[in-house]
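Here it is: the structure, laid out below.
Labels run A, B and C following the written order; every chain starts at residue 1.
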Amino acid sequence: MLLNIQHISKQYSAESVLENISLTLNENRTLSILGKSGCGKSTLLKIISGLVLQDRGDIILKGKNINMLPANLRHIVYMSQEALLFPHLNVFENIAFGLRIKNEKKAMIETKVNHLITRLGLHGHHQKMPQQLSGGQQQRVNFGRSLIINPPLLLLDEPFGNLDTQTRAEMQQLFKQVAGEFNIASIFVTHDIKEALLMGDNIGYMNNGQLKIYETKKSFISDSITGAQQEISFWQTL
Amino acid sequence: MTLENTLLNSKIVTRLVIVCFLLLVVVPFAAGLMYAILYSVGLIGILSNGFTTSHISGTVQNPEILFSLLYSFYVASCSMLISLVLSLGGVLFFKSSITKGKWSFFSYLPLAAPAIVTAFVSLQVFNKTGVLSRVLYQTNAISDLSQFPDMVNDSLGIGIITTHVLMATPFFLIFFSNIYEAENLKSLSEVAKSLGASSTKVAEKIAIPLLLKKGLNTILLYFIFVIGSYEIPLILGQQSPQMISVLIVRKMQRYNLIDIPQGYFLSIVYSVVVILLIAVFLKSKKPVI
Amino acid sequence: MMKRLKRPIAFLSLLAFSFPFIFLFILSIAKGWNFPNLLPSGYSTERWSGLVQNTGGLLQSLLLSCKIGLVVAIVSTFTGFTISRSISLHSKRKYLLFACYFPLALSPVIYSLLLNHFFLKFNLSGTFMGVVIAQLIITIPFSILLLSSFWNERIRSLEQVSSTLGSNLQQIFFRVLLPVALPQLLICFFQTFLVSWFEYGLTIIIGVGKVQTLTLKVYQYIGEANIFYAALSSCLIVFPPAIFLWINKKYVFSKLN
């Protein structure tokens, strides 16, 4: 078991954002979490990555309690909806960032970054600045920047939410392939039912700060609260 | 380093920095005002003899003080009115071409001259033997220096007002030009015209109200700046009435010790006026810049 | 008709805006300028070449003004950057930023009079450090306001992303925040330099006439009715900002100048 979240709770002022959240995640697996805006999904990811401190509960990574570990030492990368590329660095340097701060050898950085640039379909864009890239290209660079440091766990907070349908579909395919190649475990948060079913090996539903993990995708679809049944009915009646 | 330590450290650092902010920004302001209050009521200072309101009453009863305050408001109001009319007119005429293109450098050039230099130039242009009188003399519009009107060190403050207008107009031209661009006034004007508005109506109902609304904070700050201006009235003003800064400096730097507490009281009055103007009228939703 | 007038009005405006600079330069090289002559009676570069020999103490004033300006600009930019970040994280940030307007709005000469006693008490009156500190009291709130807009949600998110990619606080500051903030820091640097460079009233109160900056020289020559040296000093004051303008207009223009 890679990740074990136990009874995480978080309150902001008098409002409970997360209530007693527990989940487990094995290596090389993707957990999709479906939930509407404001249900606490982003807060959960930020707590796991160490950007926000929980009020109660434990985060166990590879058998170690990492509650007190700062974000930069957890090796858990957080990817948001906006690519948030460093505006002063080009594509190459954005991807290389994580290796540069570790003072890795120049030759090694070049090899790894170039390989990743080709793998992510960004060949020829090495020197471009972020503002010269499309939304989809920016997310690919964001991907590369996250993957290059080989994090055991990747947290994706609606990463394709800003993209058009076709680009979104391409990015979904790309993620599934690359995640498999890099043996990355991930938690993929989305408000889109189709995307949740497509991306995850396991699936959960978050509502009002509470999380329910489903044994199988079938049980997720059968549960009326997820809205999956309504979606299926809609397409069937067309 | 644990997460708790990092967070604590950042909380401690933030608090320390805020304390530095208070020490550098708030404390001097408060200390200056407090010292002025104590001096003006006779509790501290060379002539202090215990609490007294004689300095305050002496100041309040002195007509020179009231005239100075009114004079400062008069100069600021005239300067701002003329500058705003000229700059708004300029922006509506030239639109945003003021700040774009190869000639825009000249629009910004007046900003490179500080008040003291602009005052000096004004002095050389508008005084009795200045550029303007020489032009009028050479063109036979005047035959004698006495025919040239007093434009500096005059009772109406023409020189001071003119110089402030010369400084403020280019500033507001650029300022309003930037707002014109940012608020996409060109497109808004086109929409209005397509709804039947004439150019005059567009200016009256859309452009001018929008520019003034967006620029209100800066207009207020500039107004306050003109009230408190020092270099321009120092060089171009006359002995009486004097603008408030010049009067306060005169009172506090004189050898007549009785003037000093009066000067301090005047500083408090001026500061309170500034604080009230900002507190009441400045919309602090976003920093002005 | 208005469209036809556009070019002539634009030309006249350009002329009006450049006139003071041309006038000052001509006066600075004039041998004499007697009434009713429009132009000077002759020209000489003697005053400009005398600058190198520090005639009238102008070179010394120029260097002193530069020194004060640089110290004030560097310290207030760095301090403003640091403080504005902490203010952006504070729950009372609106009030803290609002407080910055008060020292800014007060006339510098009156503010320096209010604080003069404390400068005298701490033996800072008439000293280089005294003038620098007095100017910082005005330029620091100015730079806080200038740089406060940098600390938005996007920058906060960039910091967070950098953190999860393994950067410590130092790396985030030097590799991410500083380079991204550089354009705004440069604007702040030049604008606080100009606030110091242009300052007269505060300098003469706290400096007691001993700290002879260029602006003090202009006033001194005006008082002596020495218009040629006043013009020369004025040229020295206006040329650096004009150069800043040429490089980047934003270095000189701010809505709070």
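Odds and ends about this structure:
Basically, a residue touches a chain if its C-beta (ideal position, glycine included) is under 8 Å from a C-beta of that chain, and two chains touch if they have at least 3 such contacts.
All values reported here derive from a predicted model rather than from experimental measurement.
With centres defined by CA atoms alone, the chain at the far end from chain B is A. Of all the chains shown, the one with its CA centroid nearest the global CA centroid is C.
Between the CA-based centres of chain B and chain C the separation comes to 16 Å, rounded to the whole angstrom. Spacing of chain A relative to chain B, judged by their CA centroids, is 53 angstrom.
Chain centres here are Cα averages; for chain A and chain C they lie 48 Å apart. Chain contacts: chain A has residues 50, 70-71 touching two or more partner chains.
Within chain C, not a single residue touches two or more of the remaining chains. Residues of chain B in contact with at least two other chains: none. Chain contact summary for the complex, chain C toward chain B: residues 2, 6, 9-10, 13-14, 17-18, 20-21, 23-24, 27, 35-38, 79, 82-83, 85-87, 89-90, 94, 96-111, 113-115, 117-118, 136-137, 140-141, 144-146, 148-149, 197-198, 200-201, 205, 215, 218-219, 222, 227, 230-231, 234, 237-238, 241-242, 244-246, 249, 252-257. On chain C, the positions that touch chain A within their shared complex are 154, 157-158, 160-168, 171, 175-176, 179-180, 182. The touching residues of chain B, counted against chain C in their complex, run 13-14, 17-18, 20-21, 24-26, 28-29, 31-33, 35-36, 90, 93-94, 99, 103-118, 120-121, 123-125, 129, 131, 133-135, 137-138, 145, 170-171, 174-175, 218, 221, 224-225, 227-231, 234-235, 245, 248-249, 252, 263-264, 267, 270-271, 274-275, 277-278, 282, 284, 286-289. In the complex of the two chains, the chain A residues touching chain C come out as 46, 49-51, 70-78, 80, 82, 84, 86-88, 97-98, 100-102, 145-146, 149.
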